[in-house]
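Each structure below appears as structure tokens.
The same chain A turns up in both complexes below, where it pairs with chain B and then with chain C.
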Partner chain A sequence: MDKELQEIIKKLLAEKKVDWAIGYEKAYDELSTRPAFVQDANDTARLIFNKYCINNLGLYLTKFKKNKLAVVCKGCDIATVFELIKEKQFSRENVVVIGVACEGVLDKKTGKQLEKCENCRVKQPKGADFTVGTGKDSAAPKNFLDVVEFEKKSSKEKAEFWNRQFEKCIRCYACRNVCPVCYCPDCFANRTMPEYLNKNVDAEENKLFHMIRMQHVFGRCTDCKACDTACPVNIPLTLLTKKLAKDAKELFNYESGADMDVLPPLSTYNEADSESDIL
Partner chain B sequence: MAYLITKENIKNLLTDLIKLKAVFAPKKDAEDTVLFGKLSSSSEWHGDALLTHTTAKDKVYLQSETFFKIKRNKSGVTIEDGPEPEETVIFGCRPCDARGFDIIGKLFNWSNFVDEYYTKRIAKTTIICISCEKPESTCFCTSFTKGSPVNETGSDVLLTNIKDGKYLAESITDKGRKLIGDNSKYFTEASKADEEAKVTFKAEAEKKIAKKLDLAEVKRKLEPAFESVYWDTVHLPCVKCGACTFVCPTCYCFDITEKAFDNINSVRVRSWDTCMNELFTRMAGGVNPRTDTKKRFRQRFMHKFNYHVDNFKEELCTGCGRCIKACPVSIDIRKVIEEIR
Partner chain C sequence: MESKVKEINIVGFLCNWCSYAGADMTGLGRNIYPSNIKVIRIPCTGRMDPMMIIEAFHNGADGVLVSGCHPGDCHYTEGNFYWRRRYPHLKSLLEHFGVDRRRFHASWVSASEGKKFAEVVKKVYAEVKDWKDNG
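Moving on, here comes the complex of A and B:
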């Protein structure tokens, strides 16, 4: 599989169809991989794909706007690429999507398979320009059982849970910076005039940051879990992003990155739209 | 002077200390995160993890330290100092964490300048460190002159598990001697053989650390590498979050900000800052000498292994490897500095 992947990229680079290819390479031990940037057709031998390739490389699209790119994408990462193209952050002609069949990826910190991989329906990537390998999609669709379970808790229990999480937060902004749809060049958290968020790190201020970020990515977040796996103190952000996905589905029948022709729910207006979020 | 203490008695010692002081030790939570937390009982101590997810640095050099509060009341405006530090024990940190306190302690007492906030807190803190039995693949403390899984720099008491459930306890400083003296019922005197067992322990532990860097060579290569094309590509995977700097036992940069509640009531706070953040060098008026993400990435390595060595004759790194593990894109600090050209 790696060989096939390397050959495709080698050809793209040699024929000057792309300026950069972004894939994965081995990192510091057997269980870790890191994004690899390849510019030279003779430098493709280090590219690999395995179950430790956890990063969503769609992230780098907005950072290389002026270049033609080839990006190695798992089925789930393709949703991100499409979402960014839909938001006019990148044009389709400038990106070659190399889909890789995936059997699920493991979190390097816990060694466990990500929850999103259990009921994954894009193990065989869809919509890619090239596809490497074959994968078997899950029969069952994505479920929101854990979110439903959490929603049943009382307000007090929910507040206690999240206060404990946000007390851990060190505001390193790893969650924001690995988020492919958090591409604002000047994030509200970095603004000083006016200052939306104080540098003081405490549970209250941290909560404000996470809540505003979640609002900003609603209907755009593809629930890729990049923020969740990046968190150095294991805050289960997956519960929040999954809730966003659930709400988008239930309130607007919208799934991020799924359909290229449908605009994100907050970018359009329809009189019949749900108003359940208006107090 | 060396003593012996059993694991059982360590727990008894913790129980006694908790009654007198704020004791911080590795604690595991429901998400399997191991952080230094305040113990309310000795059973909460989680000693199995080699490294906590973040360091113990934030117990002395707080992530957000309140300098003072300005308050308006009936009699006018008053200025109130931040809270006074309490007597603290940091228990169960590792030699790399403890050495971090030694390194930033020098910075906060550089030349004639004394940082009173840090100095006041460290004076009230006793550090009980535990030697590493099983270093991990990300550890590289032996690359440093003072670095070792049994190094005592920065610790007040160093515990080494020399045989099943028995720890060799060495008092390193006056604070350490006082702690052992005050709790002498839990300690017995160590024999020559016990002290020799530590030598074997050290050799065994050091064998497990595969990576050893030539830091003199790194410094030599870094000096002329400021404009090197190496930085143009090596920084590309980096997402410029601050995870590496915030989990680091030696990163000390900060920013001082004010949080105003109205036009008088306000609070002045010092918070950690990170050179990875664009705001770090942005000046009033919007000029920023380090706009380019490459420059910010380069700064981290240049500071740790070049500038700091010029000023303090030691690297701003203890080889704990936390930045490697915390990095969302698995950037390896060892690889970056080794491959400089």
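Moving on, here comes the complex of A and C:
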């Protein structure tokens, strides 16, 4: 499979169809991989794909805006690429999507498969320009059981839960920085005039940061788990991103990155939208 | 001082063209409503940045009301249609973070509906008070 992947990329680079290819390479040990940026057709031998390729390389689209790119994508990462194209952050012509069939990726800390892989319906990537390998999709759709369970708590319990969690947060911004749809060069968290967010790191300010960030990625977040995986203090960000996915689906029947022709839910409206809760 | 601490604070974001004028009308018509609402005028509910609502709760507001023109009557034609999408999502997200549903409301009040504005504020006040008293 690696060979096939390398050959495709080699050809693309040799024929100057792309300036850069972004894939995975082995990092410091057997269980670690990292993004690899390849420019030279003779340098493709280091590209690999395995179950530790956890990064969502769609992240780099907004960082290489002026280049033609080939990007190695798991089925789930393709949603990110499509979402960014929809948001006009990158043009479809400038990106060659190389889909890799995936059996699910593992968190190397725990050795367990990521939760998102359990009911994955894109193990066989969809919408890619090239596809390497064949994967078997899950029959069951994504479920929101943990979110539904959490929603049963009272608002007081919810607030207490998050306050506890955000006491741990060191506001390293890793979650924001790895998020492919958090691409604003002028993030509200950095702004000083006006200062939306106090630069003090305490539970309340941390919570404010997360509330605003979650609002900003609503209907755009593909629930890729990059933020959840990056967090050094294990804050269950997945409980937030899954909530976003659930709401987008339930309120607006929207799934991020799924359909190229449908606009993100907050970028549009329908005159027949519900207003049951408006006084 | 004691009573001041317990006082309920509601931030009202009212659109310039309908609800703000509606609130004026309420006063003109001598309608009585809870004075706990502090009004901030916004150009349109379409301009209602969710960030400001989140900030209001963060800074200690007990409740927030956003009010604009009825659908179809927006001064900018479609601002309130965008708002109508942001509202349910934001309410649900805030609830997920532990901001009780009773604390956040939206309404349509036109410039002539002074009476309705008083009713809306009473309703919002009752909900926020219920949350504050009963948790």
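In this text, the second predicted complex is superposed on the first by the 273 of 279 C-alpha atoms of A that agree within 3 Å, B and C clash if a C-alpha of one lies under 4 Å from a C-alpha of the other, contacts with A are read in each partner's own complex, and residues count from 1 in each chain.
We take it that a residue touches a chain if its C-beta (ideal position, glycine included) is under 8 Å from a C-beta of that chain, and two chains touch if they have at least 3 such contacts.
Only a predicted model underlies this, so the values are computations on that prediction, with no experimental measurement involved.
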Fit or clash between chain C and chain B when superposed on chain A: fit
First, second, both or neither for A:Y196, with chain B first and chain C second: second
Touching partner for A:K207 - first (chain B), second (chain C), both, neither: second
Partner chain(s) touched by A:W162 [first = chain B, second = chain C, both, neither]: second
Three-chain overlay, vertex chain A: chain B-chain C angle, C-alpha, nearest 10 degrees: 90
Partner chain in contact with A:N143 - chain B first, chain C second, else both or neither: neither
Touching partner for A:P232 - first (chain B), second (chain C), both, neither: first
A:S91 touches, of chain B and chain C: first, second, both or neither? neither
First (chain B), second (chain C), both or neither touched by A:S274: second
Touching partner for A:L59 - first (chain B), second (chain C), both, neither: first
Which superposed partner A:F252 touches (first chain B, second chain C, both, neither): second
Shortest CA-CA distance in Å separating chain B from chain C in the superposed model: 10
Residue numbers on chain C that touch chain A, as the complex places them: 50-51, 54-55, 58, 71, 78, 81-82, 84-101, 105-108, 120, 123-124, 135
Residue numbers on chain A that touch chain C, as the complex places them: 150-151, 154-163, 188, 196, 204, 207-208, 210-212, 214-215, 218-219, 240, 243-244, 247-248, 251-252, 265-266, 268-271, 273-275, 277-279
Touching residues (chain side chain A, partner chain B) in the complex: 27-29, 32-37, 39, 55, 59-60, 108-110, 164-165, 168, 170-174, 176-178, 190, 192, 198-202, 226, 229-230, 232-236
Chain B - residues contacting chain A, complex: 29, 31-33, 35, 53-54, 63-64, 137-138, 233, 236-237, 239-243, 245-247, 255, 257, 259, 267, 269, 271-274, 277-279, 324-326, 328-332, 334-335
